[in-house]
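Take a look at these structures.
Here come two complexes built around chain A, the first alongside chain B, the second alongside chain C.
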Partner chain A sequence: MTGALLFGLAGAALVGCGVYGLLTASGALGRILGFNVLGGGVFLIFGAVARRGAAAGFSADPVPQALVITGIVVAFCATALAVALLVRLSTMEARAAPADAGEKET
Partner chain B sequence: MSALLVLAVTAPLLGLVPLFLLGPRTGERAALAMLAVNLAVTAGIAEQVAQGGRAPGYFVGGFAPPLGVGLRADGFSAAMMLMAALVLLLTGLFAMTGPGDMTRKVKARGSAGRPATFFILLLSLACALNLAFLAQDLFTLYVALELLTFAAVPLVCLEGKAGQLSAALTYLLFALFGSVLYLLGVVLVYGLFGTLDIAHLAGLLAQGTGGATAAAALALMSAGLMAKAALFPLHLWLPPAHSGAPPAASAVLSAVVIKAPLFLLVRLWSDLAPLPLTQVAGPIFAVCGAAAIVFCGVVALAQERLKLLIAYSTAAQIGYLCLMFPLAASDDGQWSALAWTGGTLHLVSHALSKAAMFLAAGLIAETMGHDRLSGLSGVGRLAPVSVAAFGLGGLSLMGLPPSGGFVAKVMLLTSALQQGSWWIATVVLAGGLLAGGYVLRVVVIALQHPDAGLPEARECRWRALIALALAFGAMLVGFMPLAPLPFLDIGRPLSWEGLLP
Partner chain C sequence: MSLLFDAVLCLLLLLGALGVVATGAARPAVIAFIGYGLLLGLAWVRLDAVDVALTEIAIGSGISGVVLLHCVRALPAPPRAPAAHPMLRPLAAAIAVAIAAALALAVLALPEPAPTRAADVAAALPATDLGNPVTGVLLVFRALDTLLEKVVLFLSLVGVWALSRDPACRGRPAPLSPEPAPAPSAFLARVLAPIGVLVGLYLLWAGADHPGGAFQSGAVLAAMGLLLVMGDQIRVPAAGNRSLRLLMLAGPFGFLAVGFAGWATAGVFLGYPPGAEKAVIIAVEVAITLSIAVTLALIVLGPPADEGRS
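This part shows the complex of A and B:
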């Protein structure tokens, strides 16, 4: 078993875990984590593709590495945006909940 | 080499500078001016395409693909860019701070409270859309789609209400799932061919290399794009997101934002994938499209709120484009070209009419103070121009003449009948009937005698005229000849011929 194959299989396993998490998680935070695991798997597969040399033939192809870095930055921004939305949403819900309880009592 | 292509991507970003440096009022004017410049640039590109008869291109940094990244505008992308620039400029004008707005808070504007934010997002959308329509590299397209998502998600929750935030979060999660699937497809393509340039890939795929892995990569990329375009059965995020946003934001989201992934879906299957593979995949898309038209059309009929009704109608209308895939991929040149023109015209006319309808619905809701259909009887007296814009926009959805929707649907219908696809023809007609049902239901309620006293409010006339102008734009598309449009075929099939040294 070559290194590229090992990393490719590991990436595939991560993709599987990520998709499972994204589809079955009940809360938004679980889904965000699932997205991150899935993204990690895709980047690992991309790394394995780079090691294999793709169709260009030379080993350790540099192009996918540049693309993976861009992809990681994009995924990081996306996670930050999603978490920011989630934090705002839960603060609002926390603020709304006691008010509702107060209305019921009166 | 055409520098206009670079300007189309960079000009909207330059418009962001005054928004941050000057006050909101001045920045807003500058942003609108930049959206007008964007329209002029896209018109210039369309003119170059039509005059030259071939697609202008640009190599970023002077490096030709496959080493570098290229931008290229063929007839199809020029038409889409022009449509997007027009809708963005008109919704920008709609959301502009009008006389008297500084004193009273106006709900119908996209930007209640924070004027500058809306324009920052609008300019970012313009940049991302132009990049998505011009880029010829699969990874650059991925970045363009992500830019589009990052600009579109905040539009959903501009007012920061809890419902909007949760709709925005659902939208973001669907979009992210879609983009990761797309990226996985891109990875597989790179692993197979060692290049991501669409023109080179099309040549390699046409030779029959790639086999099952290439098909899997295309399927992954398509699934990702379907999630981003809200194509049935991945449409669940669209109605809450599009109906909860402020009107100007809904108009942009429904009219142009979902058009970019749809555009790429067409690009993938009509320009990149080899014809035999498209013939296999086409019917699958058509089944999804047919299900969208029928299912979302019926759900739209049952809606109680005006904006939700329009949002479900968007999810249904997306289906028409997917009916195009099997028709346009047939071996019969004449009828497949007709279907291709029909599908593209449908994208353009739907964008104009849907923007008009969302803006009109926003004005109606502003006049009445709510958008529950049961309480809208007699609104035609208070907001005549808005109701007219809604009705004329609806004409295009129903596919009645004279409207862009009519021309597009007749083309799809003719192509389907000539190729013997009876079920596609039936779905086109049924979709028209369903659209007639939900549009006329609103118009009839609006024209009824009012049940109770109407509020003492009037629609904002100049905003209503903007909605009406968009609706008229959708009707103007209806004066196209019922024949394949040669402009849309300029620059196909993809190649860098004449541009490479």
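This part shows the complex of A and C:
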């Protein structure tokens, strides 16, 4: 039981790390990473809850485990979409930048 | 002894997370994030959640890692950020510590004995003929979550494709690397891909009774497809390819069709026909595995290029 408690506390600390990353990141990619670290911590707390719920011959409660699997996938979807938006934004900025530089010179 | 191992693992996890958020540069942060995902997978094994560990390592660390590394290369070097307010970092640290402390208190105050649905799952599992309780929850008891998760994955690909400059999305996505693959990559793709495909199919087949399942299997198959693309063994498929689009839709819409058929056969949405539960569940799993593999690989490859450039 103490193992589950340890991982639950680690999950809480990871959420703290993720929040710090979200607040201090200088770029959008840093915020995406912070969001993912935060999510990992929340899932780990779920894992501790699942491990505590071991019963009926299962070594962990399967319901929170299934929810975490769904959660990991949804977090990946959000990350992939955010990354694609970020790359598109930077290509648009790269195209716009030379035009701006030209205007300043004239 | 095992508690010592767990404590060291938690410490490494924490260091990994700090490495992700405290590193200024993008590439080291992403590499730290991949390592953090692998450590998180190890933590899931220690929590006796092998299904989650496989998913975390395949999706949370592996495929996310490829997407993020690809993004780091596509982004220009960030312009030097204006110096943040000197109070920003201490204030952010104080907020983060407060949130972590509140969560830690909540973890310490979890009710005893722990509430659990394990007994309900154990009682209902024999009716599904499945041996893996997590697969049972994913595909039977909480099938609606899984169906919606497939829809979210599909919508994510639609979102990525919507960023293409070609409104019909018919072109090929740009190759992951503009240079031809170096010989070791091509060799690795030739040697590893057949083994990887076998492992992916095994994970799908074993998922009914042992750790594994549609998502883990689909992620491994997607990784093998990407390996073949990176090793120049196959060409990036055109996004307009009809069979590719059918494979993409087979999972979510096949699952939805089974869900509606449930009203006729079992009297409830997403019910499985009595007597043939396992056959239908396996058919659904095969369909969603193929869709997951294709969708994940296409998400990594990114939006299709313009018609003119492809």
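A few comments on the model shown:
In this text, the second predicted complex is superposed on the first by the 99 of 106 C-alpha atoms of A that agree within 3 Å, B and C clash if a C-alpha of one lies under 4 Å from a C-alpha of the other, contacts with A are read in each partner's own complex, and residues count from 1 in each chain.
Quick note on the criterion: a contact is a pair of C-beta atoms (placed from the backbone, for glycine too) under 8 Å apart; a residue touches a chain by one contact, two chains touch by 3 or more.
The shown structure was predicted, so the numbers you read here are calculated from the model rather than taken from an experiment.
Of the two partner chains, both chain B and chain C are touched by A:C77. In the superposed pair of complexes, A:F35 makes contact with chain B only, with no contact to chain C. When chain B and chain C are set side by side, the one touching more residues of chain A is C.
In the superposition on chain A, A:A96 makes contact with chain B only, not with chain C. Residue contacts after overlaying the shared chain place A:G27 against chain C, while chain B stays out of touching range. By the document's definition of touching, both partners, chain B and chain C, reach A:R88.
Touched by chain B in one complex and by chain C in the other are residues 15, 18, 32, 45, 49, 52, 54-57, 61, 63, 67, 70, 74-75, 77-78, 81, 85-86, 88 of chain A.
Considering their complex, residues 2-21, 23-27, 29-30, 32-34, 36-37, 40-41, 43-45, 47-63, 65-70, 72-81, 83-88, 90-91, 94 of chain A touch chain C.
By the touch rule above, chain A contacts chain B in their complex via residues 15, 18, 22, 28, 31-32, 35, 38-39, 42, 45-46, 49, 52, 54-57, 61, 63-64, 67, 70-71, 74-75, 77-78, 81-82, 85-86, 88-89, 92-93, 96. Taken together, the chain C residues at the contact with chain A in this complex read 2-3, 6-7, 10, 13-14, 17-18, 20-22, 24, 26, 29-30, 33, 36-37, 40, 43-44, 46-49, 51-52, 55-56, 59-60, 63-64, 67-68, 70-72, 74-76, 78, 81, 84, 88-89, 92-93, 95-97, 99-101, 103-104, 106-108, 110, 114-119, 121-123, 133-134, 136-138, 141-142, 145-146, 149, 152-153, 155-156, 159-160, 163, 215, 299-300, 302-303.
Those residues of chain B that touch chain A in the shared complex are 139, 142-143, 146, 149-150, 153, 157, 160, 162, 165-166, 168-169, 172-173, 176-177, 179-180, 183-184, 187, 190-195.
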